[in-house]
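Same chain, two partners: chain A is paired with chain B first, then with chain C.
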Partner chain A sequence: MTKPSLAVETLSICSGCEIAILDLHDALPGVLDAIDLKYIQVLMDFREPPKEGVTVGFVSGAVRNEEQVELLHKMRERSAVLVAFGACAAFGGIPGLANLHTKEEILKEVYIDTKSTVNPDGVIPHKVVPPMLPELHPLSDYVKVDYVLPGCPPPPKLIAELVTCLLEGREFKLEPKTVCDECPLTKEEKNVTHFYRWGTKRIDPERCVLEQGFQCMGPATQSGCEARCPTALAPCRGCFGPTEAVDDQAAKMIGAIGSITTKDFKESSPDQTAKEIPDIVGTYLRFTFATSTFKKAINMGTAKPKEAART
Partner chain B sequence: MGKSFEPKIVAFACRWCSYAGADMAGTSRMQYPPNARIIRVNCSGRVDPIFVLRALKLKADGVLIAGCHPGDCHYLTGNYQTARRVALLKEYLKAMNLEPERLRLAYVSAAEGAKFAETMKSFVNEIKTLGPNPLSNGGQD
Partner chain C sequence: MAELVKQPKIGVFICHCGSNIAGVIDIPKLLEYTERLPHVVIATDYRFMCSDPGQGLIREKIREAGLNRVVVAACSPTLHETTFRRVLNSMGVNVYYFDMANIREHCSWVHSGEEDAALEKAKDLVRMAVARAAELEPLEQKESDVKPSVLVVGAGISGIQAALDVADAGYKVYLVEKEPSIGGHMAKLDKTFPTLDCSSCILTPKMSLVGQHPNIELLTCSEVQEVSGYVGNFTVKVERRPRYVIEDKCTACDDCVEVCPVNVPDEFNAGLSWRKAIYIPFAQAVPNAYVIDTEHCLGMTPIACGKCKEKCEPEAIDYEMESEILELEVGAIIVATGFELFDGRRVLEYGYGLYPDVTTNLEMERMLSAAGPTEGKIVRPSTLEKPKRIAYVQCVGSRSERYNPYCSRVCCMAALKQARQIREKYPDIEVTIFYIDLRAFGKGYEEFYESSARDYGVSFVRGRVSEIRHSFESDKLVVRAEDTLLAQPIEMEADMVVLSCGLEVFSDAEKLTRALGIQRSGDGFLLEAHPKLRPVDTNTDGIFICGAAQGPKDIPDSVAQAKGAAASALTMLSAGKVILQPYAAVVDEDLCAGCGCCEASCPYSAVNVVDNRAQVTEEACKGCGTCAAACPNNAISPQHFTIEQILAQLEALFQEAK
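And then the complex of A and B:
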């Protein structure tokens, strides 16, 4: 019997997800014994996934330009099972926050307005480079995604679990629980008065960081990471995205904030709370803006995802 | 176009105070604009922020959440929770380039039929000045 094969495609991303695969460390040789790694740009010098196709295709990164639409379709055609690998592929990730601005604004900021840029003619690259799409899209806007492995990056333990599940022909599914369910910190009072930026106040290492007034996304985030951030006393940023019952992480978080804050408006008024949480979208939709309710700021044109020319 | 702009408003009214207040406005035959689709909820605290976002995403021109006066909530603290959520939701709407005025929180007790009618009038007027929801293709959809 031939070994199952794996291809990893990299779209609009920082490549951290590929490094997470290498982070399997001691488990990696075992995985490589069981799987034939056909294509992964951080390790091998191939330009595209093998024509004969692969059993499993991991795609990391979101879709930001027309070339990536083509690459994504190619991966879909050539992989029997397609996995959206990492937060960007699954929800748009941090690059998804660019949907707060139009393509024109972004290009102008990057190539003309930044202080360190010298570009007297105001030239915006348009030759050779693939044209940028009006908005950033997660994979599911273009192709059918069989499995989603969220995380920024996905924890090696879950990668190993997913690969094992696929090898054994089992269904891979994250339990529909939140990070709070897994978090070992003590949760007691629901009477938060003020919110603070992380690092501006001493943290009690035993107590829930959200109840101490830090913006922890635990209540609105899918579990699976074993609460790796809150355990290290860093508030959860929500990289696993919402649980399947939730559409919009921000809505869920706003609901949670309403419940856990003080009911005494003399201690802290609603407006005061709104001031203490200055960037709702950047905080609550850090990884999922491109799949949230509005997906992008309004009045930016209503272009549908563009179908790439398929051969 | 020709027709003047009639806003579509989704109103969530709490069962114990505001919905009864709306009933009071009706049984007292007070006149107020018919733009609102009133949805009865058990408590204004039951209004999940996603309800508001979905209503606006589905091209509602305004969302009104009406609950008991502070201190009067049948469930003790529901309306306090809602007040804080509304403040945060307004920030969310601002970031989306939507006018935060499209979301309003009102306190209407069961006895305040007149206040309910008044709130409706002023909210409809405010939305008329703001114009249609930008997602609604100029009020055509």
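And then the complex of A and C:
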């Protein structure tokens, strides 16, 4: 019997997801025994997924240029099961924040305006590089995705679980609860009067960090990571995106923030709370901006990206 | 369960409400539109849907068309939801398969003169109600026992009357009063309009009944801190401040007062006389016991003073007394916290607080009282001589854009009453009342006004007073106004001016309404559930209001409301059971992560996180849905306004009306 085969394609991404695969550590040899790893650019010098096809295709990263559209379609055609691997592939991730700007603005910033760039003629490369798309998209905007493994990057434990499920022919499914479910910190009372930037105030290592005034996205974020950030006393940034029960992670979190800050208007007020959250997009839409309702509103012309970024 | 799988068969009943709705909205067009909506099997109209034939029509159609959901497009559900639910119930249809589209208050009433737009809006409202109706689910009502006791907050005439009525019916009453004695404002009045019976003569017998009633537990110096629970089953935390005098031991002998070295302006006499730091608020106070005013007491130790304790023979004084928190279990709550007099100092141009001869109507009540600081004599406060002319200034703080827009309803009659009393005692004192309109609306009031003017020679000037000055030459007050009947400015000298200060809501209304979870209207007074049909109910079941706390009121109206509130509470108590609407939020355990955002948001403290999962106290939950908006994982939702139902309504709203 032939071993099931795996191909890993890398689109617009930082490659952290690939490192996470290597991070399987002790489990890696076992996985490699059971699976025929056909294609992974960080380890092998191939330029495209194997023509003969694979059992499982992981695609990490989002789609930002025309070549990536092509590669994604190839992966879809050549993989029996396609997995959106990591936050960028799943919902746009950090690179999705670039959708706050037009393609022209981005190119000008990168190739002309940055301080370290010397480009007196203002040349923007267009010959050897694939043309950039007007916007970044997650995989599901182009192809059918069979499984989503969120995370920035996905935790090795979940990668191993997904692979095991696929090998054994079981469904892989995350419980649709949020990070708070797995969080070991003690929840006392959510009556937040002030918000703080992380690192500007001493943290009580026992207590829920949101209750201490740090913007923790745990309440609105899909669980599965074993609350690895709050466990390390860093607020959850929301890299697992929303659960299947909700449409918009940011909208839900903003609603929750409203509810935990209104108990005591003597101590807090909506205006002041808003001032204490200087970067709404970076706080609530860090990983999901490309797929958010907010983004849709911008596309429909009911919100302006520049203003959105500022408020 | 069989009902659940059934396809929705919706009947829509459109009401004309006479011409209230049909006069603005084109009913045939609305009908034609409604018939084409999904799941609607029948749409029909009638002139008065809430009338007997209207209800009959709904019954008939339910039978004929086998309707399993009903939408009535008419008025507000607060008015007629119960009416139409009864119709469904009589036909064996679960009453929660019902929705109302409010095309009257929300549409025809506010859009007369824009018929086309009103029709479009009515279409939107009906389409939304139909969309929600398709998502409705059957629910079961529950019953809960009612605790056989009532808390009455505030012991003015309203609270006293309500307490007596409930206690006489055989139920336990806890009467909580923040002052050391019961009686409220009425205890300070001399005589009462329009019959001029003496206020104390009619009030004090009731006060002593309260003090002796076996079913009434009187808690003075006490205030409500916290209320939890729900209709029929409230738990109330009351803080009782120490009186430092043991009520049962104190014989009211006055020995302590003789030795107390501290003099304090007496608030009961509006500061016109003095009292000691240990005192009894007034002779007929109930409970008839003294109290120590710690703010002015030199210190309750032998070193600082301790004279009163030394002197008290029955050993009624206890310096060690402490505040205590009492927990009361009651089935219903009646709020009768009354009013506060408008502070005349706020109207700078009238000089109250600056010129001693400018007084208020309440101060005049004390002056007129034989038990008051002047033993019933009218004197100029600055000279203690009899005044020659007294001017009354009406509507101080009332009917004014700067202060309160409403009419305080008692000041005109109170001024007339006092003027007449003054003229009766001293025919040589001239009394002039400056008014905007004289409002004498109650039974016997107009007659009282006529006779005061005719038989007692009170004079009137129509015009708002613009300024009161003190003249150094004449040492009199100069009242300036415009006489609007003669259309000319007028200046009058008077020895004394009485400001007819209006009524404002009791001082700690914000704190108390928060604790009780009841609302206030725009004027600050307590809000009734319906201005006409539910005047003593609040929007929180089991909590009733009465007296001047609900709005400015005279004694007859206060007593009538107090009796109404008592009767409403008694209806509940004697039924012994209350129906709990099955609106409570439910938690989806598969989604809940125990984050606690719902707990933080619930205005009724009805949801708590226990073992990392949200838990709703069904009886306390009002189904308001705040938690559903707060939950970041859609794990909690009230049962009669589910997320699906609201989304269905919104989706319907954003569909174009075709």
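Assume the second predicted complex is superposed on the first by the 294 of 311 C-alpha atoms of A that agree within 3 Å, B and C clash if a C-alpha of one lies under 4 Å from a C-alpha of the other, contacts with A are read in each partner's own complex, and residues count from 1 in each chain.
What we mean here is this: contacts are C-beta pairs under 8 Å (C-beta built on N, C-alpha and C of every residue); 3 or more make two chains touch, one makes a residue touch a chain.
The shown structure was predicted, so the numbers you read here are calculated from the model rather than taken from an experiment.
When the two complexes are overlaid on their common chain A, residue A:125 makes contact with neither chain B nor chain C. In the superposition on chain A, A:255 contacts both chain B and chain C.
Once chain A of one complex is fitted onto chain A of the other, the partner contacts of A:281 are limited to chain B, with no touch recorded for chain C.
Of the two partner chains placed around the shared chain by superposition, chain B is the only one that A:299 touches, whereas chain C remains out of contact. Contacts of A:50 after superposition: neither chain B nor chain C is touched.
By the document's definition of touching, of the two partners only chain C reaches A:181; chain B does not. Touch criterion met: A:245 reaches chain C, while chain B stays clear of it. In the superposition on chain A, A:100 makes contact with chain B only, not with chain C.
Contacts of A:273 after superposition on the shared chain: chain B is touched, whereas chain C is not. Residues 246, 252, 255, 258-259, 263 of chain A contact both chain B in one complex and chain C in the other. Residues 175-181, 187, 189-191, 218-220, 223, 243, 245-246, 252-253, 255-256, 258-260, 262-263 of chain A are the ones touching chain C in the complex. Within the complex, the chain B residues that touch chain A are 45, 48-50, 52-54, 57, 70, 77, 80-92, 95-98, 134-135. Residues 100, 246-248, 250-252, 254-255, 257-259, 261, 263, 265, 270-271, 273-274, 277, 279-281, 293-294, 297-300 of chain A are the ones that touch chain B when the two sit in their complex. Those residues of chain C that touch chain A in the complex are listed here as 588, 590-601, 609, 612, 626-627, 629-635.
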